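Both of the next two complexes hold subunit A, though its partner changes from subunit B to subunit C.
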Partner chain A sequence: MADQQDVALMAHLLRRAGFGASRDEIEAKAAQGYDSVVDELLNPDTVPNVEEDLLMRYMPAYHEAAAIETNIQAWVWRMINTPRQLQEKMALFWHMIFCAGHSKIDSGQEMGRMIAMFREHGMGNFRHLLWLLSTSPAMVYYLDNSESHKTNLNENYGRELLELFSLGVGKDEEFNYSEDDVKACARAFTGWNIAPSYPPFPYGRSPWEFRFDPADHDDSEKTFLGETGNLNGDDVLDIIARQPATARFLARHLYNFFVADDVQIPAWRLTPPRDMKAIEAMEKAYFDSGYEIKAMLEVLFKSDFFKAEDVRYAKVKNPAEMVVGTMRLVGEHRDIQPGLFEFSQEPKYMGMDLMNPPTVEGWHTGREWIDSGTLVERINFAADLMGNTELPGVQSLVGRLMAQGDTLTPDQFVAGCLDLTGPLTVTDDTLQQLRTHASKDGDLSTANQAEFSRRAGEMFQMIAATAEFQFE
Partner chain B sequence: MSTHFFGLTSRTYEYSHSVGRNEFAGTGFRNPSDMAVDAEGTVYVVNRSYENRPDGVRITACTLDEEYISEFGTYGEEDGNFIWPAGIALDSQERLFITDEWLNRVTIMSKDGEFLGKWGSGGSGDGEMDRPAGIAISEDGTVFIVDSRNSRVQKFTLDGQYLGQFGSFGSGPGQLNMPWGIDLDKEGNVYVADWRNDRIQVFNSDGEWQASYGQSGDGVGQFNRPNGVAVDEDGDIYVADWLNDRVQVLAPDGRFVTQMVGDHVMSQWGKDKLLSNPDMIRQRALAFANDPTYERNFAHPCAVRVDSQDRVCVLDHTRGRIQVYSKVKDPVLV
Partner chain C sequence: MVSTQKDPVLAVLSLSGGNDGLNTVIPYSNPLYRDYRPTLGIPEGQIIPINDDLGFHPTMGPLKKFWDEGKLAIFLGVGYDNPSYSHFRSMDIWHTCEPDKIGTEGWLGRVLKEIDPNAENVLCGVNFGRGLPRALVMEGVPVASVGNLETYGLLTGIDGADQRDQALDVFGRMYSPAMGSGAVMDYIHSTGTNALKGADILATAPDKYTSEVEYSNTVVGQYMKNIAQTHLAEFGSRVLYTTSPYNSFDTHANQASLHSGLWSDVSNNVDTFYQDLRDHNASDNVMLLMFTEFGRRISDNGSGTDHGAGGIAFVVGEHVKGGIYGEYPSLEPSQQEEGGNLKYNMDFRSIYTTVVEDWFKMDAQPIVGGSFEKVNFL
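Coming up: the complex of A and B.
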């Protein structure tokens, strides 16, 4: 049987490598063993997938869905329900780096297809992922490569590929590439374009297809990052994949997303990583494995720097994590049912318009998720759900609390609720406030189950409103 | 000179025309789930639409010659409203019976859209339903409802009195796994699209199992989540092979006859929409040259009905249209 430390560590893993879990799931996984669960997360094919046929049966419009709202709903439903939690978390990870947005693409279906690509290949080979990205019609359009021609170059994709998708501007106070490299990169990708697609009316858009036009490709000699030849996009991706800067870029992103909030990306050239040893360990895994993202993730999740107590509840939940994590905890929308649209819009109200990042740079993370408006939205959302004792997950928590004894003192009551909703560690001030509130009604007795349930729901609501609940 | 003839060659199917386009209101359909065709060739299409476009939830009435008649029913939980409308059938008085998978009820409406009544409640007891899907009504007025999450078919009177049931969860003969569509042949036998078992099952009118056709796959006589089933006057069976994007035709004994994958040619309503937008006309022309099959083929066909003139109507969920075929017994030059 797993002890309290095992449960706390497993809860940490499932918050970071997934979107959290119910207490029942956490305890079952803790009993399974930490390394075994990590291996399962890293190998999603070993666990069942979401039941896609059921999803499309009850939400039949999800097939080739044109509307962006429908694609977001389907994605949020997957985040809540997929047993392959890390796979879905990686889709979010890449969406926050390889940013393309519906505001320009104007095709919900293409946004959905891009996320599906991240889902399928997000733990695969990074060089291959870059190729998929470079041939993704949505990205080709979003960053204007469809407007980049042999005779009329558009540098947008070439620049962002280097700056935001692979090398980063610089590391260790040096620059990773020059303006000439940007031009050479853009020239190498000329001719990478999109085939004509059916318009929205009268029968719906066809999926966009990548098309290479050799007549529009600049096949002349180029020099890119010191290598010279008649380079094309594939050659450029090969060169990018073997750069130490690429390994650094990936390692810092993974650390920032899964371990601890780091400085924002534009500062990475001048600001060293928060934990250089952790970064170096992941860089080594990148090269040792031949650019496999899964190898880097295995190092990360099995490391002491990930398991350390001081990184737990030290990352601000992004809005998707806040919404989906709370819904998983309270057992909301675990079945396929109406009402998902409103929930799927909640991340937007909290500052994260899924499938529509503000710019190609994506969202600023960490404490920048929080402002006076989004904080109110976050608290209201979580408190409403956590206090709803009709929900199966909340009922389960209440049942567990009842099993702790016929009568709980206010201190036991607070401790029990904090344990069941995390286990969540709070500051002394917060703890005192919760205890003061619990003391107003004295001991909590199971003799009056309705009153027990009401007070428990109220305490869960108060916990959802604490500063600590904003972190994961 | 000698030659060889293979397969069941006594009938074939000729594409006639298409009806409809994707539309949230008026002359088109939005994510339709089922349809009923009356003796005059008027078709009543159930539009499921999707959650953030509840305005698309409705019943559309039009002719198979693509004359728009009316639309009725709206999203909601009040009388005459729908949340997840699923199946539709006509009784002998030509009243429309429409199932709702979320509200677990049957709504009765006139062909003019007047609300006439409702019955049904959620649950798993006798007469209760958990996501009712397909519906068929026999000539004697027995209503057969596919009670999908209870893995059974239930029988009711026209005013909702429980008469009986058959089927249970499983994959054995006569067992069902989330069944969907249903139809009756002229002898009163019941054909059920056993959705998650990827097969069609046949019962007599008393619910006794008669036959099962099909298995999982994309080959001949195999299905990938069949959802619609219809039987014509000759006993030929039409199956909307949903995730295989085709309709398979089986002989009365279950042997494979042929398949349809879609032959769409632009409907009039489709032309009307396109003609208002020259840019889309140009774009579509380029797209057609790149891939002529996209618009032509079925995309998640979800229901098949055969009308009194032997016209086989295939409801195409994703494309929002009906493709109409004629059953032809004379040789047809294709």
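Coming up: the complex of A and C.
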């Protein structure tokens, strides 16, 4: 039997390396042991995959679906249900960095394929991932490399590859590349294009394909980050992969996504990392392993900087985490049932339109997820679900509360609810307000189960509305 | 310097993505325009001339009305030193007036702080759209951010008015200022408190509103309508902000049709907006600023245009002295900004300085972060 501290640490791991879990699952995994769970998360092939064929069987339209809404639904359903939680979290991680959006791509199927690529390779080799990205027809189109020609250069992909997908503008107050490097990079990727697609009729759209066109490739000499030669895109990716700036880029992104909110990429040239030692440990893993993302993740999840108390609840939940995490806690949509569309749109209402990031720079994260508009959406969403005592997850929490004794004092009641929704730590002020609210109706007795259930639902609802619930 | 009967209000429409200034206010008499725009040059017969050298994009007819009335100021060659070609960064510079470091405060946040230092009116600034633009961010300045004016409210899922009132009462107390629990927590507390106040008031706006005009069913159309509704409801809002769909003006490819759609949408809705305000005798104290983070490359790339430097901004209003401000940046290769871009000749903070000093009647220097020559469009 795992103790309280193990449960709290496991809950922290499952919130970060996944989308949270039911209390039953947290306790089972805590009993299994921390390192063993991390190893499972890092090696998704060792656990069963989500039963996607079931989804297809009930909803055949999801198979190679063209509509963006269907692809978003399938993704949200997978986030909720996949036992390979870290794999899915990494798909979200890359989607938030390697941004392409359906407002331009205009093909749900291609967006779905891109997310599938992040899922399959998101914990693999970074050099390889950049190659997959550079040959992804959706990205080639999104950042206009398809419009970049030997005789008519389009710098969009060349620039964003350096600024947003690998090096970042700068580190340690220095710039990581020059405008000349951007041009050389763009020239190296000329000819990396998309094959002409088949007409969509009468059989529907076919998947896009990457095609290299040697005749449109600028094969002349270029100098990129100090290296000169007839460089092509592959050479540029080799050079990028060995830059210290690339290791820094990955380490800072991983820290910001998995450990604690820090400043975002535009500030990285001038603002040092929140925890330089943590960054250096991950940078070392990057080079020692030959650019393996999994090696960096293993260092991260097994380190003291990740387990530390002061990074727990030090991240504002992003909207996908808020939506999926709440749904996993309350046990909503663990089976295939109608109504997924509405839920899959919720992250968008909270400012995160999945598969359609606002710009190639992605979303502003951390406290910037919260404004008076999005806070209203977040609270309303979570409170509605947490207060719904019909849902299996909420029923299970109520059952656990009832098992704590025939009678609960208001203080015990509040403490029990907070423990079961996290365990969530709240400020003394919040605790006081919740206790006052609970004392209004006095002690809670299991004698009247309907009343017990009603009050528990109401308390979960108020907890979902707290400022503390905005963090993970 | 102008005087309005009621407190001056600034509406802002941000043209996100980098509008192609060269095809918006077109230097049609300049032969270099044709040389650089072999694919995307607008045929001369379609351009709407505004003088002997310059003309509007063909879809901008509705804006031309304001030009003819002398109520449209056009700013040419707007930008800043060492231009950034990143959307994110350049937008941040326009929002924060901080070209050299990462700023976290917005210039309009500072304006709102001056107007309402104790945050007595939570609707002093209202944004329409998801996510708060950095221009409106300022410690201690509540800005309501409204995705959908029709359904705005808190804990709306609770059944029963008594139940909901009770819950909102607890909510209000939970979100009262917490001391020493960290900057982000403090921020969330004040955001929650203000959301609660703002929601109650804003919910009344759509019911109060009647109108004869029809906005288009686009993001720009609906949010311009929301700005009008909020202004007409007289909540004391002084800055009303919205943004075109993110990066919609980022026309790297297929620009000809995209750009026409964008300007047709913007021009029509700006026209509708002023018509709406005029019908309600409420246009006198409203000025509309339209800006974009940068212009685009002088040469087209065969299908679109890449990120550029100097761009174009507009101000519309009853008190605006219509005209052209600033020089059209030269298209001569020797005069271009490095990389084939238009060189700016008017710092964007000059426009802001005029807005702050002559519209809001405040000292501009601390708000725009320095002394900039005013542009005399007011």
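In this section, the second predicted complex is superposed on the first by the 467 of 472 C-alpha atoms of A that agree within 3 Å, B and C clash if a C-alpha of one lies under 4 Å from a C-alpha of the other, contacts with A are read in each partner's own complex, and residues count from 1 in each chain.
Following the convention adopted for this analysis, contacts are C-beta pairs under 8 Å (C-beta built on N, C-alpha and C of every residue); 3 or more make two chains touch, one makes a residue touch a chain.
In this text the structure is predicted, and so the values were computed from the model without any measurement.
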item: Fit-or-clash call for subunit B and subunit C when the two complexes are aligned on subunit A; value: fit
item: Contacts of A:338 with subunit B and subunit C, given as first, second, both or neither; value: first
item: First, second, both or neither for A:430, with subunit B first and subunit C second; value: second
item: Subunit B versus subunit C as contact partner of A:47, first or second or both or neither; value: neither
item: Touched partner set for A:266, first subunit B, second subunit C, both or neither; value: second
item: Most subunit A residues touched (candidates subunit B, subunit C); value: C
item: First (subunit B), second (subunit C), both or neither touched by A:466; value: second
item: Subunit B versus subunit C - smallest C-alpha distance in the overlay, whole Å; value: 14
item: Subunit A residues contacted in one complex by subunit B, in the other by subunit C; value: none
item: Interface residues, subunit A side, partner subunit B - complex; value: 53-54, 56-61, 63-65, 67, 69-70, 73, 195-204, 206, 209, 337-341
item: Subunit C residues touching subunit A - in the complex, by the definition given at the top; value: 85-89, 92, 101-102, 127, 130-132, 142-147, 152-158, 167, 170-171, 173-176, 178, 181, 184-185, 187-189, 191-192, 194-195, 198-199, 245-247, 250, 252-253, 301-304, 306-307, 338-339
item: Touching residues on subunit A, where the partner in the complex is subunit C; value: 103, 144, 146-149, 152-156, 159, 163, 169, 179, 261, 263, 266-267, 270-271, 316, 348-349, 351, 358-361, 364, 366-368, 370-377, 379-380, 383-384, 387, 427, 429-430, 433-434, 436-437, 458, 461-462, 465-467, 470
item: Subunit A-facing residues of subunit B, complex; value: 21-23, 28, 31, 33, 48-53, 83-84, 101-102, 131, 178, 180, 195-196, 225, 227, 243, 264, 266-267, 269-270, 273-274, 277, 279-280, 283-284, 286-291, 294-295, 299-300, 302, 317-321
